[in-house]
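Chain lettering (A, B, C and D) follows the sequence in which the chains are written, and residue indices restart at 1 in each chain.
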C-alpha cells in the first residue's frame, strides 16, 4: 500500500471539559485536542476536530466527504446530536469512511444505529485498575502493543456488552473489582470499518497513555479505505447469460 | 429441549394480493395465510397473522409479547410502517423474540435497523430458474433439505448484498441469468435470532414449495428463545472484589 | 425437535486419580464417573465412559458410531493417545458427532487437530478465584446460568489462547491474579459441533459445581446432531444445466 | 504501513507441466514461473520458487524463515509431500508467515491440517464458464477488481466445500453448469493469514488473467505480517495481582 496522508476528524461532545474543573485540569483544551496532539507524531495524519456546539456539530457533508477516519467521543449529550448528522455519518461509514468509537461513545446514536443493538453494559466509577489483554499481536491495530496494557485508574465497563458478535475481538479487559469486558472490537458495515475502543473516561489521563495513542494511530491506518462506494442503489440488472424465452 | 407450542405471528403488507390479479390468482387469501396453512402441519405452532392495514399494523405490544417468532413479508409499502411499531419490534427482537425476514423484506425498516446497513442488492424479474445450494446440512434450519432446492421461476437477487457478514451462511443461490446470492443467513442481535430467507416473490407460487415451507418451519424452531431479557438497562455495579481505598 | 436420548461417552485419561492422593480424595472413582453421575439427573442421557488404559482407549469405531457427544478430559498423557484413535474421532466429529473438550484437553491431539493451531496459553496453579462471565444468556448452552459463575479455587489459564476465532464466545473468565480467558467457545467443523469449556483442574472439586454440570448437560443437547454425513468424498458431478458443445 | 519488499515463495508440485503436452503448451516453464512473471510487475516482490522434486521440496527451514508469503499449487502428488515439511510450514504459518492456497491445493496436507477439516467439494472438468462475484470491494485483496470476474473456461468446483466458516468470504463463483462455490476465503490461524483462491486448473490459462494476478498480488500484501511470534510455548505465569495467602 502506498504511504498517504490520512484525513482524521476527531469529534468530541466537549462539555465535561468546560464544566467540570477535575476534567478541565486533565484536558484543558478538551479531549479532542489532547488526542489530536497525541496522534500527530505517530503517522502522516491531517487532523481536524469538531464539537457538538459547532454548526452541524462541525460535521457538514463537505467535512465528512474529506474525512478518511472519524473518531467519536460523547457521553452526556448523545440525545443532542441531530438525526440529520447521524444519518450523514452513517451514509459515509457505509460508503467507506472509517469510524473509531471511544469509551462512552458506546451509547452514541451513530454507534447504536450501526450496530442495530442497544449497546448496554455494566459500569462503575471507582478509579480502579484496568488491564487490557492483547489477543491479536498479529493485528495491524495492535502493532507495537505488549501482551497487556495496564491503566492505573479507569472507569469499569462490565459484560454483558450488548453488541453484535465482533468480526474481530482484539483485547479483553480485566478489572480490579471483578469484571471483564470486550474492550477492542472491529466490525465492517457496508464498505466502512468500525473500531470500538473502551478506555477513555474523562476524569483520568487515559488519552496521554502512549499505548492508547499507538492503538488509535494504528486504528486510523486500519480503518482508512481508499474508496468511497455507493450503497444506496438497488440496480435492476440485465441477464449476463441467455435466458430461455419463457423466462423473459 | 422440551417440545412446546411455538407462537408464530406472520406479518404481511398484503397489498399486491388485493390489487394485482396475477398475484391474487396465486395467493387468493394473501401470502400470510398461504404461509400459515403451509406451516400448520409442520410443527406445534400457534399461528396468528397481522397486516399493514390493521391498527398498529396488527403488532400491538400485547401481540409482540406473546409472539415467539415473527415472520415479515413487505415490498411496496415499507415506508408506511410506523416508526413506533418498528421500535417495538426491535425492542422485542433484542429482548429475545425471533424474526424471520422474507424476500423483499430485505428493505423493511426493521431489517435495515437491526442490520445497521442499507441492505441493497441487484434484482431482475424475468421468471428465471433459481437453485439454492445447501452449505450446512448439519444446521437445524436445513434438516430434511437436500443438497439443493430448485425453483423453476423466481425473481433474481444478486450480490453484492449490503448486509453485515452473517453469523452463519446456510444457502447460496445460483441464478440462470448469471448471478449468485447469499439466500439463507442468520444473525443474533441482542438476545434475538434473525433469519433472512431470499425466495418468495409475489408473482410465483414459492410459498407452496414443500422445501421452502420446511425451512420456514425449521427456522421457527431455531429462532424461538425461551427467555425474554431486558437489554435497555446499563446498571451501576458494586465491586465483586475488595478495592483498595485509593480506588473507592 | 423430538425429545430423544442422547448417547454420551465421557473419555478420561484417568491417571491423576490413581496416582495423586489429593486428586483421589476429590474424585475417588475418577473425573469421568463424577461427571457421569452429575449429568445423569440433568437430561435423557445414555452415558458410557472410556479411559486411556482400555483397548483403543475405549473408543472403538463401534463405540464412536453409537456416540452422539464425546466429552474429553486429558492432561499428562496426550502423547500416549494413539494416532489411529485420534483419526477415528476426527472422522466422527467431521461426520456429525459432538465433541466437548474440557480444561487441559486444550492440548489434546484431537483438539489441536480440529483447530489447526497449537492451542497454547498461560497458566498458573495457585488455587485462585475464577469468575466466568455469561456473554450469551440467550444461548442453549447457558440456559439456567446466572450472569456469572464463581469458582473459589481453580487453576489459572490466561490469554493469549492460540485458537481460531470461535464461532461463538459464550463466557470470559476473570482471574484473581490478573488474567482473563475465553473459557466457553464453540466451533463447527465438518458437520460436527465442538465446545471447549475451561474449568476442571483435577485438584479442585469443579465437576461437582451445579452450574458447571448444567453447562455440560446443556452442551450435550447443543452438540448432538441428528445426522452423520460423509465428508470424505469429492464427487464428480454431472452438469445441472445444459452446457454448450464447446464446454463438453 | 511502510512500503517494503515482500518475500514471496511460490511452491508448485510441477508434474502436469512435465507430463501433459496440453498443460505444457499453456505453462511451458511451469505454473510457478507463470505466476512469478505475472506478480513481478504488480508490487515490490522478491520472488523465489520451489517444487516437489527439490530437496525438502525446496522448503528448508531457512527458506521458510525468509518467506513472508508462501503460495501453494498442488494436485496429483499431495501424498508425496513429506510430513516434516508440512509440519515446518504449519509452524511458520502459525508464527506469522502468510499462506495462499491455490485451486486444487484445497486437498494439500498443509491446508487440511490448518483447517482441521477434510476440505472436500464437488468437481467437473468441462471447460465451462465461471463468474466470480465480488462481495467485498472494500477489501485489500479485491482492490482494483470489478463487480465480477469472468473466466471463459475453468474446472467446476461446487458446494458443499468442507471448510470452517471463513473469517471473510470475499467472492462466490457462479458456474455455467449450475453450481456455486465460495472461491475467495480468508482465515487467521495462530499469527498467520491464510487465503484460499479457487481458480487455476492446469489446463486453462487462468494464471495469465490480469484480474487473477491482481488478486494474488493484493493477497501477498494482505497476508504479509511484519512479525514472527512463537506459539509453541505455554508459559507458567506469576500473578500480576496480590493473591491472598490461601491462594498461594
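Convention: a residue touches a chain if its C-beta (ideal position, glycine included) is under 8 Å from a C-beta of that chain, and two chains touch if they have at least 3 such contacts.
Per UniProt, the chains are A, B, C, D = ThuA-like domain-containing protein.
Everything numeric in this text was worked out from a predicted model, so none of it was measured.
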Partner chains that chain C and chain D have in common: A, B
Equivalent interface positions on chain A and chain B, same or different at half: same
Per Cα centroids, the chain farthest from chain B: D
Intercentroid distance (Cα basis), chain D paired with chain A, Å: 32
Inter-centroid spacing, chain C versus chain A (mean Cα positions, whole Å): 36
Contacts with 2+ other chains: residues of chain A: 131, 137, 158, 165, 167, 176, 178-179, 188, 190, 240-241
Residues of chain A defined as touching chain C within the complex: 131, 133-135, 137, 147, 158-161, 165, 168-169, 172-175, 178-180, 182
Touching residues on chain D, where the partner in the complex is chain A: 1-3, 96, 131, 137-138, 140, 143, 167, 176, 188, 190-193, 221, 225-227, 229, 240-241
Chain C residues touching chain D - in the complex, by the definition given at the top: 90, 94, 107, 113-118, 120-124, 126-129, 153, 156, 158, 162, 164-165, 167, 176-179, 187-190, 231-241, 243-244, 246-248
